[in-house]
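So, here come the structures, one by one.
One chain, chain A, links the two complexes that follow: it is found with chain B in the first and with chain C in the second.
Moving on, here comes the complex of A and B:
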């Protein structure tokens, strides 16, 4: 990705501190925040180093609150956030200079065109006027926004608006990039392009993405952090994290008529119609015994019981669903993402599980 | 400076701003023209009536000397005597037009000045001896003293201050026929309307960013706090101030062109009370009203900016801003006298808040802020307060924006 200027030029040479201890390390130290009777973030500590960090968690897990505190727009109740050893509150403008942020709700002025908005944001970010046009042009091309450059943002589709939001966050080539649900509203192609862009961008930068679309971070995240009820419950590389559900992911092929029983009694992650009227089921179970219980309860005939369950190699999504079982149990309205519903080429139609109906994300992992 | 320029551009690109600026212009043209339609003389209306009035009163134009007053009152009384009428109501219409109307302009303050010093009740022009008018300006001073004894009975400092202010008033007065005080009232009304428009433009300046979430992004940018806050406050003050200045200048130019530029050389004492404390011509009063109106509008916008920085929704900020604009009117009619005066002097929009509570009628009045042996004429207090409030509220607004945190 082309650079306007070296990142070090964003830091005032006369101001000591950040430049002297350049490690690009964001230390989150025992941060807590409450709203009335809810503990939104509860004693979270972690150190973000260069690379892409995936922040996973269900809705209400505290991801957005944590990100707002990192962005400096919300004050923690206790604890401290430091960048390269210095509290972000004392760094003030120098912190914001190396910072890029895309909140969950992308607010903009309704009268602004994409051009107006990016020029306005570039001025606020302190980009020199001579570099602004070039940088905006690069980002527009990168994010396929060149055709809507002069259109008012309010008239753009949700995905395009999101891309404008991403563009503003990247304008100043931030050392520290925080994005809250950056891929919501993007179509699958756009999400793949965004992931690739981010991977390249994050080579020597700290990037934190919050999402509950696991596939967005599964392939690109250097490390992941998982939040639940305001607490950080797991942290590690994707490989390290998926080990937590090693031996808990199973798959089998069953007659279609047995599917309701499987859905009722097991935590089904994914379904796929097979050509012969059978269904391939991927599900979570605590132990091999629990995983085989339903199979063992049948009469054992292949046509009635299907194939015996076999362990499947776990993925980050399995871990997510293991940690947040409500996402598989309460998804009927389609407002939450489905765990994974595949379309088999031979079947010619989608088979959507009753517990995970109507969402569009996360497929391809049966 | 670049942020300021872009913010200015943003405000000017907002549809609501354009609609309100165009509406301001339309209101200015309409309100400058309307007062001419109220003039009726000798069966004529509008500008023709203004011209007829000027012709009729042409002989009395110029310095208002005691001799000229004496002569005019004698002619007035002679006319009544000839027709055996006790008042002008008893005269035939054409006689009233030909012989009385030419004199009424120059005799404007006589009945008031020679009123009973204890009761303030006028004796009526037929009952004043023309010879008394020889000491007209001494009588003006005496009338003011009597008035102040009634109005500021317990405040000798206020009485002395009024006398001191009146000593500065240039005498003899000047009178040039044709101007109509409705034009001044409409200038005040225009100022009030422009202030309401400015409140609508300024109310969303910060609150809409909070409401839409744009603030979350901007606040994380290098210049997204103090620089942006100052640019936003500065830009909205500039837009509203420039719009007000242009509209007021346009109003004065149109109004004075319609009524005649010579008419505004008239002393304000020949248009309002003969003992008015301001040493001004009508034109100077127009400019003073425009200047203090601008200060008041800017202070009101400053207050609106502050409210916008404190309130999280645009509708609530707008409601608060509009309420602050009409607050002086409520205070004028409801607050106890002494507290009301202090409040009116402190509320930023007092200078432009309608007819009765606004600066013009405050200047026609004899209200003082009294603190022990110190007395300050209310219009001066209002102007001084707005001059202080403008930077105070604007700075408080920027500070509130910079300190704004989600809790």
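Moving on, here comes the complex of A and C:
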């Protein structure tokens, strides 16, 4: 059974002295970065401590740019990134040796097999030959890649390629692991396994995962940071962040034929078709008064069969949709809402949806 | 204030760290070397397994054999008039329709260099592998150094193999072993050839750093290759004609100026530099690379130059080619180090 060794055992063997006075803190101090006319990262400050950190944000929020600066691939325009008090620029190779990185867009050399690739990555990381084979074997087993060990990477599925990328990031048992959208392309089972693996891995390490799949970090993240338009707009544990939308999440059950009206008027985040033909609607609204008002307005009359809204316990996903109303609108308009039809064939299935109109009812920055 | 805080932290961190600074630096250098070595090995393997390289190698070997065949077929006629330096004639003699080996290499050598380097960096960018590569614990310049060193090694091995091939087949065909001086001249010729092709390698790497697409960098390289090989002499003659016009009433001084101007412009071309140097090294009877007036020849004894004297004649050509290679590589190095690596 493959296991994850404690970070200190690996480092002790290879870098005597590096363990002294380790706090394992990555300090991001007022860093900014612009591309032509776009401010990609704007004065972001945070201190990453051991544990899993979820970096949430919509597309274009600046997550990848921030991670690339942490990885030392890009230089910040202003501000500084320090690891245990030392600027990462001065640590040079020593920083990248304790560091694992999975980029969002990840290319492979077409002629490489999984074995070739991992051995090459191990050589670049300067792993001793005696450790390389053992570590590769462990990772292949951990990530269910043993069967494709000798296959060319270009012939693997997207999910498998992603897992090979994850394996290379974990090769040197890094104490600081940065992963940009690590779960994209993984099937649900793999995602759960990966989350568990990461939870175990992060016991005495700093792990930063960027994603816009909220469920990937909801249960495993020690702390979360939320970025919007290049700025860090919220930071805290899942429980702390969820409190930001306390009292703003509502639920009611309505007749299915009234759903288009609800979707138009309310900021719907989730729908569920009930067995009796009605639809359970979860939506966001500023306050109880606003929720009630919207309910009344959308129903039009008291005698409507719909039930009165009741507060629902908020989740991280609700916070995300509260903070990124444009995504909700986009989802509603572009993917899930079908004008003129209102079919919910699979009773009991959850689906994320939203209302463009609903955006006007909230969504201010936290 | 912030700077001071950072410095304090630096000082406190380094004083707390029991590993001494020289030891840290040594470890750092070791890491850098192992990264460079891994990259170098990977690049070498890539070249040796790539179909593209094997096709170019086959083309070069084929032309080497053809030129050798041409040289051997016309060797008996050449020996009848001058029986010295027969071994060198294998490299410089051309057949009735086939150019000599040195001419072939001057024309096709750049192709090898361009093939090895035209997509060195931009393909890594477009395939998204550069991102991961530079996030590994290696110095960033190891990427470009590794690529250049691997390409240069391949060129050296290839040139040496070609030289040995021509020499071995030539000895078998003629049955005459080369003298030490001939071997020395052939070695200098191979050195020149390697430097010449390395120039094209560094130029193609520069284009691969500057251009986003491999096709663009390949076209630029091929364009320059054709320009230097075919059109540079035309340009030199036009420019010299414009600056120092030659008409029926031209004086000797004007003719000399025109010639010198043409030579100067031509020598900007690596193709010309290489061809001139090689013809000097491989033909000991060449006593100068510049214009010689009849009065300078008066009293001179006809004879061959020693290897050392021939090398002295082409020393500026060698330094010129090396300088051009270094400038191109420096350009690609600076370009690569300064350019930000963005997502695909």
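Rule of thumb we're sticking to: the second predicted complex is superposed on the first by the 302 of 366 C-alpha atoms of A that agree within 3 Å, B and C clash if a C-alpha of one lies under 4 Å from a C-alpha of the other, contacts with A are read in each partner's own complex, and residues count from 1 in each chain.
In this section, contacts are C-beta pairs under 8 Å (C-beta built on N, C-alpha and C of every residue); 3 or more make two chains touch, one makes a residue touch a chain.
Since the structure is predicted, the reported quantities are computational estimates derived from the model, not experimental observations.
Q: What does the overlay on chain A give for chain B and chain C, a clash or a fit?
A: Overlaying the two structures gives a clash between chain B and chain C.
Q: When the two structures are overlaid on chain A, which partner does A:216 contact: first (chain B), second (chain C), both, or neither?
A: Neither partner.
Q: After the superposition on A, what does A:120 contact: first (chain B), second (chain C), both or neither?
A: both
Q: Identify which of chain B and chain C touches the larger number of residues of chain A.
A: C
Q: Which partner chains sit in contact with A:107 here, chain B, chain C, both or neither? Use first/second/both/neither.
A: Both partners, chain B and chain C.
Q: Mind working out whether A:181 is in touch with chain B, chain C, both or neither, as first, second, both or neither?
A: So A:181 meets neither chain B nor chain C here.
Q: Between chain B (first) and chain C (second), which does A:173 come into contact with in this model arrangement: first, second, both, or neither?
A: A:173 contacts neither chain B nor chain C.
Q: Regarding the shared-chain residue A:74, is it in contact with chain B (first), chain C (second), both, or neither?
A: A:74: touches chain B and chain C.
Q: Identify the partner contact of A:129: answer first if only chain B is touched, second if only chain C is, both if each is, neither if none is.
A: In the superposition, A:129 touches chain B alone.
Q: Touching chain B and also chain C: which chain A residues?
A: In chain A, residues 68, 71-75, 93, 96-97, 99, 101, 103, 105-109, 111, 120-121, 123-126, 165, 168, 172 are touched by chain B and also by chain C.
Q: Taking the complex as given, what residues does chain C use to touch chain A?
A: Within the complex, chain C contacts chain A at residues 2, 6, 9-10, 12-13, 16-19, 24, 27-28, 30-32, 34-35, 37-39, 41-42, 46, 49, 124, 127-139, 340-341, 343-344.
Q: In the complex of these two chains, what residues of chain A are touching chain C?
A: These residues of chain A touch chain C: 15-18, 20-21, 64, 68, 71-75, 80, 82, 84-87, 90, 92-97, 99, 101, 103-111, 120-121, 123-126, 165, 168, 172.
Q: Can you list the residues on chain B that touch chain A in the complex?
A: So the residues of chain B touching chain A come out as 2-3, 6, 9-10, 13-15, 208-209, 212-225, 227-228, 405-407.
Q: Help me check something: in the complex, which residues belonging to chain A touch chain B?
A: 10, 68, 71-75, 93, 96-97, 99-103, 105-109, 111-112, 116, 119-121, 123-126, 129, 165, 168, 172
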